[in-house]
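Two complexes are shown next, each including chain A; its partner changes from chain B in the first to chain C in the second.
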Partner chain A sequence: MEILQYALRKFITGIPLILGVTFISFLLMVYFGPDKTYELAGKNATPEQIAEIRHQLGYDRPFLVRYGEYLRELVTLDFGYSDSTGERVSHILERTIPISLALILPGFVLGNLLGIALALVAAHHRGRWLDKLIMGGSVVGMSISFLIVIIAFQIIFCSNYGLGWFPVRGWNVYDFWDYLRYVTVPTLATVFVALGYNTRFYRAVLVEELGRDHVRTARAFGAPPAEVLFKHVLKNAMIPIITRIMFSIPFVVVSGALLIESYFGIPGVGLVTYDAITTGDQPVLKAVVGLTAVLFVLVLILNDIFYKLVDPRVSLQ
Partner chain B sequence: MPARLLILALALLLSACARGPDTDGLKIYRHSLGGAPSSLDPVQSATVYANHVVVNVYDTLYAYKYLKRPYELKPNLAAAMPEVSDDGLTYTIPIKKGVYFIDDPAFPGGKGREVTAADFVYSMKRHFDPKMRSQGAWLWAGRIEGLDAWKKAGAHYDQEVPGLRALDRYTIQIRLTRPYPQLIHTLAQGFSAIVPHEAVDYYGREFSVHPVGSGPFKLETFDSVRAVLVRNPKYRREPIDLAYEGYDPARHARYGIAGIEGKIPPLVDRLEIHFIKESLSRWNSFTKGDEIQYATIPKELLNEVLLQKQPKIVLRKRYADKYFMLAGLENGFVHTDFNMKDPAIGYNSDPERQKRNHALRCAIRYAFDWAERNRTFYNDMGFVFPGIIPPVVPEYDPDAPRDALEHNPDKGRRLLAENGWTADNLPTLTFGGVASVDSRQMFEQFRGWLLKIGYPREKVQFDSYASFGDYNRAVKQAKVMIIGMGWGLDYPDAQNTLQLFYGPNASPGSNASNFNDPEYNRLYEISSVMQPSPERTRLYRKMNRIVLDACVTISGLSRRNIYLWHKNVISYPDQSIVGGFHLKYVDVK
Partner chain C sequence: MSATAAPAARPVSESLWGKAWYKFRRDRFGMAGLAVVLVYLVIALGVWLGLWGQHWSSVEGPMWAPPGPDYWLGTNIIGQDIFERAIYSTKTAFEVGLVVAVLSTALGGVLGALAGYWSNRWPDELILWLMGVLDAIPFYLFVAAIAFALQDNPYAMHIAMIATFWTTTARLVRGEVIKLKNFEFVEAARAIGLPQRLIIFRHILPNTFHILLVQATIVFVSAIKSEVILSFLGLGVKDGVSWGVMIAESTQEVQAGHFSNFVTASAFLFVLVMAFNLFSDALQDALDPRKVSA
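For the complex of A and B:
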C-alpha cells in the first residue's frame, strides 16, 4: 500500500516533467522541424493546394491549440495516423517496439552483466595488470565509433569478405533459431561498444565501495574475497547500478537502435523514429517523445521502489 | 522473480516473431532499392520507390514495353490503345473483361470483384478529393473537363464529371479541355493505378498500407525495410511475346531473356523489395549470395568493382563471372538554376540592371566546369549535354551547339568587366543546398570556380538547410538564389523537362528558377498540345535555346546508373521511368 501510494504521488509530481518535455519537444517540432507540406504537395502545386495541405496537417492552427491536442492524444494514447505512411501510429508502434526490444534486450542485458562482472574483476585487482588490461580494453571499446563497429562486425561475421556465418540484413524471425541468427551480430556490436562505458562506470562505483569501512571490517573478520565482493561490495553498490540501468530503459524501449536497425535492415522503432525526425512526421514523433517522457517518469518511480528493495534504509516517505 | 522475468522475456521474443511463410519450392526474387516508399496509395505514389510496389500490385491502363527503348507504350488493363477524336480532345478506352481485384476482406464475402470502367473513373476522381492528399493531381489539373469543378463543388463521388465517364462496364471516355498528347503516358504511371472504392472505404487512411489491386502481385507485408509481394493467383494469363516487348538479340540475348518467351507473368512466386539506404550494407547483402539479388555499386567501391569506366564500363572478371551488369543514363538530369525572382541576379525593375544581371549569370556559367564536376562527383561517368532536353528523350539533339557548356573563366571575367561588374559591386551569391558533405563540397567547388572570374570569396556563400524538406520549402517559396536541382522524368517526353521553365509553373510550382519569358511560354503553349512530330521537336529545341541564351540555368548532366544482378536471375532492370514495371518479367533459374 505504501508503495502504491508512493507511486501515485510520484507520478503526480512527474506530470510537470512530462509537460515540460512534451512542450519543449513540440515547440522544436513545430518551429524547427521539417515542413511536410511540400513533400505532400506534388510537383506543381498551386498556393491553394499548399494551403489545403497545411490545413490538413494542422499547421495553420495556433500552437497552443495544437499542443492541447497533443496532450489529449497522450492521455488517450491515440496519436492518429502517420503523415508519411497513413498508418495508424499505434499500429506502427505495436509492430516495431517488440522487434526493437527483441533486438536490443540481449545486448542490453549482456552489456550490463558483463560490465558488472568485468568491473568486479578490475576493482578486485585494482592497480594491477588485469585491471589495466580491462580498463584499456574499455577505452578501446569506447573510442571506436559505433558505426565503424557495426560495419566491421557486419563484414567480419556476415559478409562473404569475412566469415559469412550470419545474415547481413533482415529480420525473418519465425523461431528461436532464426532469432539467434539475426540477433547475434547486432548484439555483439552493441555489447562491444556498451561494455567499455559500463565497465568503467561500474568499476568506479565498486572501487569507491571497496574503500568503505564495512568492507574493511568484513575483511578484518576474515570474509573470503568472493563474499566481500558479492555480499558487501556489489550489494551496497546496487543503487548507482540500478540507476544507470533503469535510466537506459526508456531509450531501449522507445527509441530503439537506429544504426543497428538501419544497417542490419531490421524494421524496429529506431528506424521509424529516425524517418519521422527527418521527414517531419509529427504524429509519430509526438508519440515517441510523449511515451519516452512517460516512461521516464515510470522509471523514476520504479527506480525509487528498487532502491527500497535493495536497501531497506531507504524511505519512500 | 527471475522465472517471471524469463517468461516475460520469452513472451516478448515470441511477440516479435510471427508464423513464417512456407517458401519451400517457391521462386523468390529479392530486389533492392536505395530508399523506401512511405505510402502505397496510388494517389501518393510520387517516388520511384513507391512505384516499384504500386505498379506491381495495381493495374494501370497502359504500361511501357518491357525491353523497347526508346520507351513505347502498350495496353495493360486497357484492351487497346485509345481511340482519339480528330480534335485530340476525346479519348475512348476499352478495358479488358474478366479482370478481378484480389480477394480481400474489403469485398463482400472477401472475394475480389471484377474491375470495371467505373473503377478507373473513381480512381481518377480521388486525385481531386482534397481528403486523399494526392501528389499526382497536377498531371490532370485543368485538363479534364469538369474535374476541377467537381473538386470545387465538394468532391462528391456520386456527382458525374463530364470529362471522365464510364460509357459502359468496359469503356472509359476522357474528354479534355485542350489536347494533351502526354495523357497516355500519365495513364501508365502509378498515379493512375486503379483502386476499388470498397477497399478505400474499408481501410480508410490505412489504405495506404493495405493495397488492394488487380496487378501481378499482392502485398504480403510492408514495413520500413522491405515489401514482400506474392503472386496474384487471379492475374490474367497473358503469355510474353518478346518480339512485341522489343526484344533485340544484340542487346538482350546475353541476359538469357529469350528463356522467358511464352511464359506467363509474373514469373516468380514471391517478390521481395528491400529498401536499403546504406550502400555498403546493400553491397554486403548482394555479394553474400543468398540475400538480395540486385544492387548498384557503392561509390566507394567503383574502382574495386570496375575494370574500366570509359569509354565503356567493364566489370572486373571476378565480378563479371558472378553478376550481370547493365549501365545506362538516368531518365533525368541535374542542373543548377538561378532564381530569376531575385532582383540581385534575375529580373530587375531597372532594365539596365537586368541586362547586367544577364551578363553576370552568363559569366558564372562560363566559370562552371562540367568536366571537373563530372570527374569529382559522378566518377566521370555522367553525360554532359547543353540545356534541358536530356539524352534519354527522343527530342534530344545530339548536334546542338555546346557553347553553353564552355568552361572559360577568362571569357567570364571579360564579360563581367564589360558590363561594369567589379569586386565591389558584385552581389553576394548564396548557393542553396542540404547540409550534407556532398552539397558542401559542390558549393566549395563552385566557389573555387567563381574565384577564377574575379568573384570575391566572401561574396559566395552557402545557404544550408537541415533536410531536403526544408530546402524544398525554401525553393518553393523562391527564397534560394542559386538552386542545385535534379529532375527525374515522369514520362519520356521532353515536355516534362520543358515545363520546368514555363512561367505559369513558377514557385511553388516546378519552375524553381521562376523563369518567365513570353516567347518561351508561347512556344510551350503551342507545343504542349501537339502530337509528337518533327515540328514539335523543332519547337522544343527552340525553347531549349531560349533557356540557354537567357543563362537561367547551368545545365545539364545525366548520371549513369550501373545495375548488377545475380546470374541466376533473368532480368532487364529499369528503375527510372515508372520504376519497377519490369519486375513481373523477372525470372529466377
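For the complex of A and C:
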C-alpha cells in the first residue's frame, strides 16, 4: 500500500516531464512540421478545397487546442489513422511492438548478462593481463559503429559472400525454428555493440565496490574470493547496475529497433517509425514519441521502487 | 593555470596541468591515440586548405574499378574515387565533431554551472526539467523532428546533437559546482562583493575545466558516430560527403559484392574513433586526482 502511494506520488511528479516532452515534440513535428495540405489537394485546387482540407487536418484550429487534442489522444491511446497507409495507429502499434520486443529482448538480456560476467572476470583479475585483454576488447568494441556491425554481420552470416547461414532480410516467423533463424544475426549485432559499453561500465562499478571497507573486512574474516565477489560486491553493486539496465530500455527498444529493423526489413515498430520519419507520417510519429516519453517516466518510477526493494534503507518519503 | 607543459628540464611540474601532462605522457596508448588524432587533423586541415581531397565529387573513373595506381582504393558505383571521398570525409567528420563538441560542452558548462550555483531553487528546477525532457525524447526522433522544423537546413543535424548532448556535461558540472560553491575561495569572492556573474563564470566555472575537456572529447566521438548513423537514415549530411554517406551508398554495392567503399569508410571511422577513445581515456586518467592507476 505504501509502495502504491509512493508510485502514485512519483507519477504525479513525472507529469511535468511528460508535458514537456509532448509539448516539444508537438511543437517541432506538428506545428513547425511539414504542411500536408498541398500533397492532399492535388493540382489546381480551389481556395475552398484547400480550406476544407486544412479544416480536416485541423490546421485552422488554435495551437493550444491542437496540443490538447494530442494529449487526449495520448491518454485514450487513440492516435487516429496513419497518413500513409490509412491503418489505425493503435492497430499498427499492436501489430508491430510484439515483433520488436521478440527481436530486441534476447540481445538486450544477453548483452547485459555477458557484460556483467565479463566485468566480474575483469574486476576479479584487476590489473592483470586478463583484465587488460577484456578492457582492451571493450574499447575496440565501443569504437565500431552499430551500423558497421549490422552491415558486416549481414555480409558475414547472411550473404552468399560470407557463410550464408541465415536469411538476409525479412521476418517470416511461424514457429520457434523460424524465430531462431531470423533473430540470431540481429541478436549477435546488438550483443556485440552493447558488450563494450556494458563491460566497461559494470567493471567500473564493481571495482569501486571492491575498494570499500566492508569488502576488506569480509576478506579479513577469510571469506572465499568467489563469495566476496558475488555476495558482497555484486549484490551491493546492484543499484547502479539496475539503473543502467532500466534506463536503457526505452532507447534500446526505439533506437536499436529503428536501425536493425530498417536494415533487415523486419516489420517492427522501428521500421514503422523509420518509414514515418521518411514520409513525415505525423500520427505515427506523435504516437511513438508520446509513448516513449510515458515509458521513460514509468521507468523512472519503477527504478525508484526497485531501489527500495534492493536497498531497504531507501526511504519512501 | 596554463595548459602547456612545464619545461622538460624539470620532470614534474607541481601544477594540476603539469602533473596531468606528466601522467598523460607516460600513458603509451593515450599518446598513440593522440598521434593518430593529430594525423587525422592534418588530413582534415589539408582538405580545408585545398591541398588534397578536392576531387571527391567528380565522376572520372569506370564503375567499381579495382584498387590500383589510378584509384588507390578503387571507385564506387558511379565511378568516383573512393580514396578521395574518404579523405574529404575526414574534414566533414572534424567539422561535425568540433562544432558539436565545442558548442554542446559550452552550453552544458554554462547551464550546469547556473543550475549548480542556484541548486534547489527555480533556475535549477527549470534546467533539471529541461534536461529530463531532452533525455526522454529518443535521439533519432528528435533529430527527425528538428530536421522537419528547420525544413532541410543543412545544420539541422548539428543543432539536434548540440541540443541533446549537453545534458550529460551539465549534470557533471552541476554536481561539481554544488561542491565548489562552498569552498573558501568562493566565500572570499563573495565577501569582497564580486557580482554573482563574475563568481560563477570567472571563479567557479574555470575550476570545472577538466570535466569540460574530457566531456568535449567524449562528445566529439559521439558526434562523429551519430553522424554516420544519421546520414545512413537520410537525416545527416545533405551536401558534401561523409563516411556515413559513403556507408549509406555502399549498402547497394555490398549486395553486388563490392566491398571497397564500405570497408574504406568503416576503417577510417574506426581508426579515428578508436584513437579518440584511447586519447579520451588517458585524459580522464591523467586529470582525475582520485584515480588510482589500475
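Rule of thumb we're sticking to: the second predicted complex is superposed on the first by the 286 of 317 C-alpha atoms of A that agree within 3 Å, B and C clash if a C-alpha of one lies under 4 Å from a C-alpha of the other, contacts with A are read in each partner's own complex, and residues count from 1 in each chain.
By definition in this document, a residue touches a chain if its C-beta (ideal position, glycine included) is under 8 Å from a C-beta of that chain, and two chains touch if they have at least 3 such contacts.
Every value quoted in this text rests on a predicted model; they were computed, and no experiment measured them.
Between chain B and chain C, it is B that contacts the larger number of residues in chain A. Of the two partner chains, chain C is the only one that A:292 touches; chain B does not reach it.
When the two structures are aligned on the shared chain, A:306 is found in touch with neither chain B nor chain C.
In the superposition on chain A, contact is made by A:99 with chain B only, not with chain C. Once chain A of one complex is fitted onto chain A of the other, the partner contacts of A:148 are limited to chain C, with no touch recorded for chain B. Contact with chain B, but none with chain C, is seen for A:52 once the two complexes are overlaid on the shared chain. Contacts of A:280 after superposition on the shared chain: both chain B and chain C are touched. After overlaying the two complexes on the shared chain, residue contacts for A:159 are found with chain B and with chain C alike. In the superposition on chain A, A:262 makes contact with both chain B and chain C.
Look at A:271: by the touch rule set out above, it reaches chain B but stays clear of chain C. Overlap of the chain B and chain C interfaces on chain A comprises residues 34, 151, 155, 159, 161, 262-263, 278, 280. The residues of chain A lying in touch with chain C in their complex are 16-17, 20-21, 24-25, 27-29, 32-34, 126-127, 131, 139-140, 142-148, 151-152, 155, 159, 161, 207, 250-251, 254-255, 258-259, 262-263, 273-274, 277-278, 280, 285, 288-289, 292-293, 296-297. Chain B contributes residues 9, 12-13, 15-20, 36, 38-39, 41, 44, 46, 130-131, 133-138, 141, 205-209, 223-226, 274, 276-278, 280-281, 284-285, 287-289, 291-292, 466-467, 469-470, 472-473, 476, 490, 499, 505, 508-510 to its touches with chain A in the complex. Those residues of chain A lying in contact with chain B across their complex are 34-47, 49-50, 52-53, 56, 81, 84-88, 91, 95-96, 98-99, 101-103, 105, 151, 154-155, 158-161, 164, 167-176, 178-179, 261-267, 271-272, 275, 278-280.
By the touch rule above, chain C contacts chain A in their complex via residues 129-130, 132-133, 135-142, 144-146, 148-149, 225, 228-229, 232-235, 244, 247, 250-251, 254-255, 257, 259, 262, 266, 269-270, 273-274, 277-278, 281, 294.
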